[in-house]
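Below are structures written as structure tokens.
Paired with chain B in one complex and with chain C in the other, chain A is shared by the two complexes that follow.
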Partner chain A sequence: MNLQIALLLGQDGLTNGAIYALLALALVLVFTVTRVIFIPQGEFVAYGALTLASLQVGAVPGTLWLLLGASILVCIAEIATAIRKRALRAIPRLLALYLAAPALLGLATWWLAPLKPPMPLQVLLTLALVVPLGPLLYRLAYQRLASASVLVLLIVSVAVHLVLSGLGLLFFGAEGSRTPAFSDQVLDIGTLRFSAQSLWVIGASGCLVAALGWFFGRTLYGKALRATAINRVGARLVGISTTLAGKLSFTLAALIGASSGVLIAPITTVYYDSGFLIGLKGFVAAIIGGLASYPIAAGGALLVGLLEAYSSFWASAFKEVIVFTLIIPVLLWRSLGKRQIEEEE
Partner chain B sequence: MQARFLVAAMLLGLAAAAQAQIKVGVTLSATGPAASLGIPEKNTFALMPATLGGQKVEYIVLDDASDTTTAVKNTRKLIAEDKVDVVVGSTITPNSLAMIDVAAEGETPMISMAASARIVEPMDAKRYWVFKTPQNDSQMATAITQHMTDNGVTSAAFIGFSDAYGEGWWNEFSKIAELRKIRIVANERYSRSDTSVTGQVLKIMAANPDAVLIAGSGTPAALPQVALAERGYKGRIYQTHGVANNDFLRVGGKNVEGTVLPAGPMLVAEQLPDSNPIKKVALDYIKRYEAAYGAGSRSTFGAHAWDAGLLLARAVPIALKKAKPGTPEFRKALRDALESTSNLVADHGVFNMTKADHLGFDQRARVMVKIENGKWKLIQ
Partner chain C sequence: MKGGWPSRPAWGAGLFALILVAGNWLPPFYVTLLDYIGLYTLVTLGLVLLTGVAGLTSFGQAAFVGLGAYTSAYLTTAYSVSPWITLVIGLGVTAIIALILGFLTLRLSGHYLPLGTIAWGMSLYFLFGNLDFLGGHTGITDIPALDFFGYEIRDNREFYWLIWVVAAAALVATRNILDSRPGRAIRALRAGVMAEACGVDVARYRIVVFLYAALLASLSGWLYAHLQRFVNPTPFSLGAGIEYLFMAVIGGASQVWGAVIGAAVITVLKQWLQDILPKLLGQSGNFEIIVFGVLIILMLQRARDGLWPVVERGLRPIIARVVPGATAKTVAGPAQALARRERPTAGAAVLEVRAASKNFGGLAAVNGLSFTVNGGEILGLIGPNGAGKSTMFDLISGVQPLDSGEILYRGRNIGAFSSHEIAKLGLARTFQHVKLISTMSALENAALGAHLRGSGGMARAALRLDRAEEAQLLAEAGQQLARAGLGAHATDAAGSLALGSQRLLEIARALAGDPAVLMLDEPAAGLRHMEKQALADLLRALRADGMSLLLVEHDMDFVMGLADRLVVMEFGERLAEGKPAEIRRNPAVLDAYLGGIE
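The block that comes next holds the complex of A and B.
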């Protein structure tokens, strides 16, 4: 291995690591706020990438049907709750939010998709289709179980993951897709060559992380999420709705997942089930951060990315083994190094 | 009392009617990692003839989700509960190998749609019941090394799936390459779900081989080739017949131009000379398939399923003369008829089965194909 190969591998590792970092942040966020180990996180990556890919060939993506179906279910559930609570005045607002808005989005997609709009518009449309799935999923699968044990929530996550990947096969087919790069430019710095796309990935990930930092540090909603993460009961006592916090964290998770998907779609072929493994690597990083610390999780993600890149050079047959074995020393270190605090269930 | 008798009589009548028809049990991988192979096979079973030898046929199609345990469970269910006369499946080698024991135990003939030669070789008491329709890997590997030596390739690198498919190809290719004095300078693995193969590709580039063989199936096989093209690799690139579907061309785009691969003749049916008997059979299948699923939807994997149907269409009438469907005698007769198949022209070649060879393909079962202008082009 010479210096150039080492640098190329480093670049590759950082690009992948940036994606894992985003997913790790989303996993930590969802876990701290709702105690859900969010296995379907990776599905949002696949849905984001494949929705963009189908828009690019001028087809109406299957994600739209999922969005419409989920909205209708949520609408029925919400109206039922409203009637039970005798809050009939909320119904028009619910109808507008869960029926009219998705229908408008559907019409827009149906009208825009065959026109093959420019790339930025396609990306926006993709995000508009995939991100609402986050809060809708929370409402359908998790909200009623918000106070259940971590184990029950994990089991629900597995179920949601299986449903989403099955629907992915139905919507996008078994074969993968690749989208054209945001730009084909290549940047030469010294002997090193960067593809513009990998710079896009690293840059966009950095921006997203900075935006999240600002959101948590400076805005009221961000602070509410942080408060819920630190102490759910305390947060409720000061008037923070846990339901709102849950929905918000799932929206952010879906946003992060879909953006990651849009970012990696030009670098690699994405399949309906690719998301799971990508999400799992983000999970390894989140575990390194103890499912609690954002900076350590992000650092862990870069470590996973680099380890993956270098092990694919030295021992390609054992790449996954090496990456996932990383979790054992981390768990050992975490369980030996700290006194265990059992969370009350 | 009378009503009860009537019901009983009706049930008996139903049972008798069910006994009279031929039951074909199918287990294939329509979901999971092998879905891109299993879906066209499943589609093909929907086009199968409703009668064979004047007898009604019922196709019971089950999905094994590319999972070995499920494939075995499906096979047990088909044989024990549905009492099928023949089992067709599965799509992939590990599943098919695991099903051999069950089929032999149930004394039911089985036709596999998976590639590995180990499914029917070496012939023994269990494989007595097992047949297969796709070409063996070794047949395809021989064709690749032949093409390599003809074109002056002296060193080659190998990159394949880190599963049974890649491992099987590595065994065949390394063996034959050694005989043909092709030096193998790199042996790398990647998995179907990998997002990057930069490490493996850099290592291959550093070894600077004349040619690279990529052993993957479907669109995931495009990943190393795109990475090689991006890094400016100029040598020859070979793929295996696992990539022979149009999705591979779609995902690979201009990066897979000039790729050479061995494939079943069905892939380039239109370009075959009229003197080739396979042309007519293959075009007939393609016409039916594309009429049902849209132009350009053809896949060589679906044709393996169709070939299993052709084998049955030849063997069932012969077996019907000896015994009634639903009996052990019929299954034995069907097995014997399958084994004596001779000169049956199919989509992927001409079947000439013998006691020792339960595939029965010869050189006619493969052609060399090159990708030119985003199309498969037959190399004459």
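The block that comes next holds the complex of A and C.
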């Protein structure tokens, strides 16, 4: 391995690491707020990438059907709740939110998709189709189980992952897709050559992290989420509803996932089931951060990205095994740091 | 939970005979299906103990199944070793690997653990597929059939009997273990600190449970290899590991019968979906995985504790009618009393705390505190909220390590001892926030305190060779319950008791360990007047018996009337020490409690 290759791999590692960092952020967020270990995080990446790919060939993405179906189910569930609580006045709002809005989005997609709109519009449409799946999913799969044990929530997550990857195969087929790069430029610095797309990824990740930092530090909803993450019961006592916090964190997780998907779509070929491994690596990074600390999780993500890049060079067949096995010493080092016999909730 | 394990051997045996006989008439398709359900039940039983009861989530069980299957497959084909010998070798190999993996990953706490199991689960699967001598991804074929005293077990129907005899044996063994000394320790593992305080070596028991689950999986793998007569890596993948976890959770992860139900429901559901869905929806896409996932979610939304509790609720009235008295667990009858610890000399120093300090970040919770507890006395540790009393308890009982200073127990420095070692020396404690296993009966909770007074392990428990000792432990627990005034509540679930009674139950549990020093953290909180008097009488009787008591309490009347001496703490330091009457008049103490008069 010469320096050129080492640097190239390093660039690769950093690009992937940036994505894992984003996913790790989402996983930490969802876990601290809802105690859900969000295995389906990776599916949002795949859905984001593949939805964009569908739009680029001028097709109506299958994600739309999922969005409409899930909206209708949630609408029925919410209206049933409203009737049971005799809050009939809420019904028009529910209809507007869960039927009219998705229908409008559907019509817009139907009309825009064959016209092959410019790239920024495609990206926006992709996000509009994928991100609402987050809160819808929370409502359908998790809300009833908000107080269940971490184990039950984990199993539900695995089940949701199965459903979403099955649907992914149905919507997008077994072939992978790769979208054209946001820009084809390359940047030469000395002997180093950066592709513009990896700069895009790193830059956009940085912006997204900064935006999240602003959201959590400056906005009321962000602070409410932070409060829930630190103390769920306390947050509820001051009037932050568990459901709101759950939906909000799932919305952010979906936003992060879909954005990651859009960003990596031009770099790697994404298949309907690529999400699981990508998500798992984000999970590894999040675990390194102890599912609690954002900066350490981000650092862990870069480590995972680099580890993966270099091990794919040395022993590509063993790439995944190396990434997952080398994580054990890191975990051991982290959990040996403190002498403790923990309590389960 | 206790209600789920009544002893009704006759019914169990009858049902079992029926299942075995059914093998004669069932169509081959169902026999094969039941074969697999039996194999999965074995693995899931391990998970019930490991994940459901002990709270250690493992995605890696399929890898252990693979170890059992591949060891036997390789040795029987390459070296023509008898399958009965490879069974032993397979279990041995699994045990060694499980010990290494367990040692590495069980130290990972909480949510690190599932990821650790994913890591080695994937690695082992990868090894199966990439080692040339194991046949790579094509696997190993022509594995010999099992030979039973010259009779070959070849067909699925014959295997049906073998599998279900093994599965039933494992079921009974697991149920026996749960209802025994090691079983109580395993059920307490989730409440780590409390288990340690009762003398349970949590780290060791975690490994033991892990090993048990791995061996059951390996056994299932051995049966699988000789049933299928060929192995390849696919059934031992991470996906299969996830499926075993599905079975455990859907069935009801903390119940042995949940393993059977879970294995049956998941297996039948998948089979059924694979048959039905392509006819309904066509071949394109893989609908069964979608429907399967949706059904799992719906099932958990309706029954988050799994299906077995639902089934049991339905069955209970029927069982109660058919077998009268089947659901009531009786308190053990008379048994030989357990040996008692020698009491320290009255008046001699038993526990000495010397300049103990503990900081949390910048906060000095305990700061250079020294005091002595003598034999046969009650020492009260009082002080305003946040004075560091409970932290001092944690330091003495080994829950938290000391930053500096030393703690001597009968002259021996126990500062570096772990919690269960300290319990073994004869220091027992209760907790300010009650820590009980709410699903276990009061009697079993108290018996947990007597853990160190028994010695029966998993094997003896599984084979029910521990009954004499078990009767002794339960009798001791019953006596201590009666002493604490809870005799009438022995069979009640601990979680159903009033808070005051739960505190008394903690005292009974501590007493069951026959301690020389008893440390009570706010024992009178939540008690009514009469209960407080009864408690005071009990503590006086214990003192007269030669026990030393260290008491943290906010109820001044209670502690003043009871303690021989008092140590007053404020901001982690000793504010005053003396007899109750002196403390009552001490201006510094009055100042700390009532606020200064400017």
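Side notes on the structure shown:
Just so it is clear, the second predicted complex is superposed on the first by the 339 of 345 C-alpha atoms of A that agree within 3 Å, B and C clash if a C-alpha of one lies under 4 Å from a C-alpha of the other, contacts with A are read in each partner's own complex, and residues count from 1 in each chain.
Methods note: contacts are C-beta pairs under 8 Å (C-beta built on N, C-alpha and C of every residue); 3 or more make two chains touch, one makes a residue touch a chain.
Computed from a predicted structure; not experimentally measured.
Shared-chain residue A:Ile287: touches chain C; no touch with chain B.
Within the superposed three-chain model, A:Ile5 lies in touch with chain B and out of touch with chain C [touch as defined at top]. Judged by the touch definition given at the top, the superposed model places A:Ile37 against chain C, while chain B stays out of reach.
By the document's definition of touching, of the two partners only chain C reaches A:Arg144; chain B does not.
Contact with chain B, but none with chain C, is seen for A:Asp273 once the two complexes are overlaid on the shared chain. By the touch criterion stated above, A:Phe324 is placed in contact with chain C alone, chain B being left untouched. Touching more residues of chain A than its counterpart among chain B and chain C is C.
When the two complexes are overlaid on their common chain A, residue A:Val163 makes contact with chain C while staying clear of chain B. By the touch criterion stated above, A:Glu175 is placed in contact with chain B alone, chain C being left untouched. In the superposition on chain A, A:Ile264 contacts chain B only, with no contact to chain C. Residue overlap on chain A between its contacts with chain B in one complex and with chain C in the other: 166, 169, 317, 320.
Listing the residues of chain A that touch chain B in their complex gives 5, 8-9, 12, 15-16, 19, 166, 169, 173-178, 195, 264, 267-269, 271, 273-274, 276-278, 308-314, 316-317, 319-320. By the touch rule above, chain C contacts chain A in their complex via residues 51, 55, 57, 104-105, 107-112, 114-116, 118-120, 122-123, 126, 130, 190-193, 195-196, 202, 242, 245-246, 249-250, 253, 284-287, 289-290, 292-294, 296-297, 300-301, 304, 399, 401, 419. Those residues of chain A lying in contact with chain C across their complex are 31, 37, 140-141, 144-145, 148-152, 154-156, 158-163, 165-167, 169-170, 280, 283-284, 287, 291, 317-318, 320-321, 324-325, 327-328, 331-332, 334-336, 339-344. Contacts from chain B toward chain A in the complex involve residues 31, 33, 35-36, 38-39, 159, 162, 188-200, 202-203, 206, 218-220, 222-223, 226, 230, 245, 247, 250-251, 253.
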